[in-house]
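Consider the two complexes below, in which subunit A is the common component and subunit B and subunit C are the respective partners.
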Partner chain A sequence: MLDVTNLTVSYGAISAVRNVSLTVKAGEVVTLIGANGAGKTSIVKALSGLVPKASGATKFRDTDISSLPAHEITRLGLVHVPEGRKLVPSMSVEENLICGAYCRTDKQGIADDLDAVMARFPRLRERRHQLAGTMSGGERQMLAIGRGLMAKPELLILDEPSLGLAPLLVEEVFNIIAGLKQEGKTILLIEQNALEALNSSDRAYVLRVGEVVMSGQSDKLAEDPELRRAYLGVN
Partner chain B sequence: MSYWFTIAALTGINVLLAYSVYASFMSGQVSIGQAAFFGVGAYVGASLTVLGGFDLISAVLVAGFAGAAASLFVGVPTLRLKGYHFTIATVAFAEAVRVILHNLKYGRPRSSGNVGDQWLGPDGATGFRHIAYLNENGITTGQYALIVWVIVVIVVIGFFLVERSRIARILRTIEEDEVVARAIGIPVARYKVAAFVCGGFIAGMSGALYAHLLTFISGGDFIIHLSTIALAYVVIGGGQTMWGPLLGAILFTVLPETLRPIKDFRIELFGLLIILVMLFRPTGMISAAAVRRWSTPWAPKAQRKRPTEAF
Partner chain C sequence: MPPDALLSPTPHMRGVDQMYFFALDLTQTTIDGLLFGSTYALVAIGFTLIWGLLRILNLAHGVTVMVGMFAGMLSASILGLPFYVGILIAMSSGAFIGFLIDRICYRPLRNAHELVPMIATLGFWILIEEVFIKIYSHFWFRDYVPFANPFDGIGIDIGEIRLRTDYLVTLAVAALLVVALYFLIYRTRLGLAMRMIAEDHDIGNLMGVPVGKVLTIAFLLSAAYGGAAGYLLGMTANLAGPYAGSQAVVKGLFSMILGGAGSIPGAIVGGLTLGVLELQSSFLFSFAYRDAIVMLALFIVLIVRPQGLAGKRMADRI
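Moving on, here comes the complex of A and B:
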């Protein structure tokens, strides 16, 4: 579904990502793990067109998206839920969700999906008229994921959904991801929480200072002694 | 009475100017260059009736398109800039336009007129005199005020409808967070330019109406002071809903006039009012929350929890 070959992302003279190649197949949950500054967010920002790609070829569902602007990439079904639970705080929960369906014109489909999202997150239904800015961190993350789903994504990119949440809520976020996986959704997940990310994904890429240093089946990587030492904090 | 009709017409013109700022304000872009589009509109509108033989309404509409064209010219390259950089670019453009208007000379000689006053059309630093359309066509100041306010009402209705549409939600998303807007799939640049060009159109119309009311304009009328006042109407009236610019422009045109008896102190009082509003109502006099409260008076007031209830 997504084919990235030799992607390089530069900010001025500094290259944050160098020659990264990765693939995501339909129905897979793939995770990118790595420490701060490894280039995880830069990769997905480049994929969704939020920052320009310096070089490399990116194909999404057989379309070359290497130089498409962000709004056209979203239209193709690659939907990015940015880091930091970014919402429009002065709009209600419902308005935020409807905004997520910006690219769609099927009114009935949007209404159905709004119902589906609210059924998935009952908390959002309770608070549908509340302003997004007044919600807690966990609720905001649900709303951000819900808004991503409203765009009817073919590939959903979640950037650090568990960042800054209480442990109980982190667990809930990973439950949500497990639920989406069971329904056959294709997800590219960015995480610092390597253990949880490996547990809830099929395959993983490990990044270090802008390069892929390891990749493979998530369950195999979770057993890898070197990775365990470097990222999972166990000996 | 004619004096108050003049004030009424001027108020309408300022309301339009306030809405021209508000249009791009909705997408989070602060322009301090509306005087440029206002000035372009004034010169184009006046030239059309004085030199081109146009009727007033067509001249005002063409002036609107001239303002829109000018804002498109500024908007396309500069709206890629973010926040303050865009604002500074609009200031710079307005200065350039002012200098150009100040040096513009075209037109034809007047058959009558005193020595030194024999030119029809803009005459450099002397300005553009004899915009006598209202006088020549027997339009009284009262009738003119009515024409201005019909246009104001149309524009207000336009904003009322936009504010209740999908477009308003899109603009608010862009205003709050461009990254979110782009991730959702909104073509951000296109909406920002469109909002700015709408503002340019309204400013252009407003400028043409101003030229015909004053009958004499010059580059010196379109200084940065005008742009800042226009922005102040929006910020002080309230930039969250369309009611703010309306209230701000009306209040700040009428108030200084009614305060004429206290002479020099009125400007100080005016400044004090601005400071007080900014201190106690940073969202402007009319906030979005206030509009929600007034539009649903039957809704129960939000109860503040007493400390004991928390346990």
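Moving on, here comes the complex of A and C:
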């Protein structure tokens, strides 16, 4: 579904991502793990077109998206739920969800999906008229994921969905991801919480200062002694 | 109860009459200020839209006012077209300038530091105004040319208060444009996109909004409103002058800051307040001190309420 070859992302003179290649197949949950500043966010921002790709080829569902503008990439079904959520605080919960469906024109489909998202996150239904800016961190994260789902994603990219959440809510977020996986959604997940991320994904890429240093089946990687020492903080 | 001033028998009564007429004039001036201030509100809305979406002070906005005014003058005074046609022509001419501002000052420079497009709008303003003055002085040898005002001299009398028809028309047009803008922003898909972009361009990008196109539309819209303001300013003054753009920049920015930079209600409140302040300071003091008094008022407002009269948190900018 997604094929990235030799992706490089530079901010001025610094290159934050160097020659990264990765693939995501339909129905897979793939996770990117790595320390702070490893370049995870930069990779997905480049994929969704928020930052330019210095070099490399990116194919999404047989379309070359290497130089497409961000809004057209979204329209192809590559939906990026960004780090920090990026909601519109002055809009209500419901309006934020409608923003997610901006590209769609099927009124009935949008209404059905709005219902489905609110069924998935009952808290959003309760608060549908509340301003997003006054929601709690956990509620906002649910709203951000819900908004992503409203776009009818072919590939959903979640950048640190559990960031800043209490342990119970982190659990909740991983349950949501497991649920989406069960429904056959394709997900590219970025997580600080590496062990959990490996447990809930099929495959993983491990990044270190802008390069992929390890990749493979998540369950295998979770057993890897070097990885466990370096990234999971367990022996 | 209009007292018969001239026949008042006692000095005491004459004092009361003076009070009465003073209060009457004060009311008349306030009403005129509110009606006329709606033109300033329109100019300020143009600034606010671009500021809200781009955090750029579009200093070229005055050009849209000037062009709208002259397009209006040509259609009203030379071609003799009716008001509603003239105002549409003024708005389209303004919008054309907005298109140029987008293409010349914003698009090529959008990735530069935000001061860069602003400086470009400053350059555009100066360049166009200079060129325009050259052309203007070639055709006309006066500071102003007459702007045919179909509503000149007519009005509605309510008791002893006179509502000038041209002011009423001005308010009506401004109100219609404000309502249309609110409808656009809060009831349409384009408005939804604008509200996303006002928060963060990346939100628009991620939701699939063609951000560049929406911004072009915003430039057209803000400039069309500037063009309408130009027509109304020219019509109510019965004059069109080549410095109208510069004056509009000052008044528009003033209204925007007075009301609360960045919010549409702020632009409206600021514009109407400026209208009243100007006319009242001319009436109570003197025309010569008008701008100084208005400036002093702005100073005081900003000390007491730094967010402006109707300013809100920065988050709800448009």
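Quick note on the criterion: the second predicted complex is superposed on the first by the 235 of 235 C-alpha atoms of A that agree within 3 Å, B and C clash if a C-alpha of one lies under 4 Å from a C-alpha of the other, contacts with A are read in each partner's own complex, and residues count from 1 in each chain.
Going forward, contacts are C-beta pairs under 8 Å (C-beta built on N, C-alpha and C of every residue); 3 or more make two chains touch, one makes a residue touch a chain.
Everything numeric here is computed off the predicted structure, so don't read it as measured data.
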{"item": "Clash-or-fit label for the pair subunit B, subunit C on subunit A", "value": "clash"}
{"item": "Subunit B versus subunit C as contact partner of A:Ala35, first or second or both or neither", "value": "neither"}
{"item": "Which of subunit B and subunit C A:Leu50 touches, first, second, both or neither", "value": "both"}
{"item": "Partner chain in contact with A:Val213 - subunit B first, subunit C second, else both or neither", "value": "neither"}
{"item": "First, second, both or neither for A:Leu195, with subunit B first and subunit C second", "value": "neither"}
{"item": "Partner chain(s) touched by A:Leu163 [first = subunit B, second = subunit C, both, neither]", "value": "neither"}
{"item": "Residues of subunit A at both interfaces, subunit B in one complex, subunit C in the other", "value": "48-50, 69-72, 74-75, 79-80, 82, 86-91, 95, 98-100, 102-103, 147, 151"}
{"item": "Subunit A residues touching subunit B - in the complex, by the definition given at the top", "value": "48-50, 69-72, 74-75, 79-82, 86-91, 95, 98-100, 102-103, 147, 151"}
{"item": "Subunit B residues within the subunit A interface of the complex", "value": "169-170, 172-173, 176-177, 179-180, 182-188, 240, 288"}
{"item": "Contact set on subunit A toward subunit C in their complex", "value": "48-50, 69-72, 74-75, 79-80, 82, 86-91, 95, 98-100, 102-103, 133, 147, 151"}
{"item": "Contact footprint of subunit A on subunit C as seen in their complex", "value": "189, 192-193, 195-196, 199-200, 202-211, 315-316"}
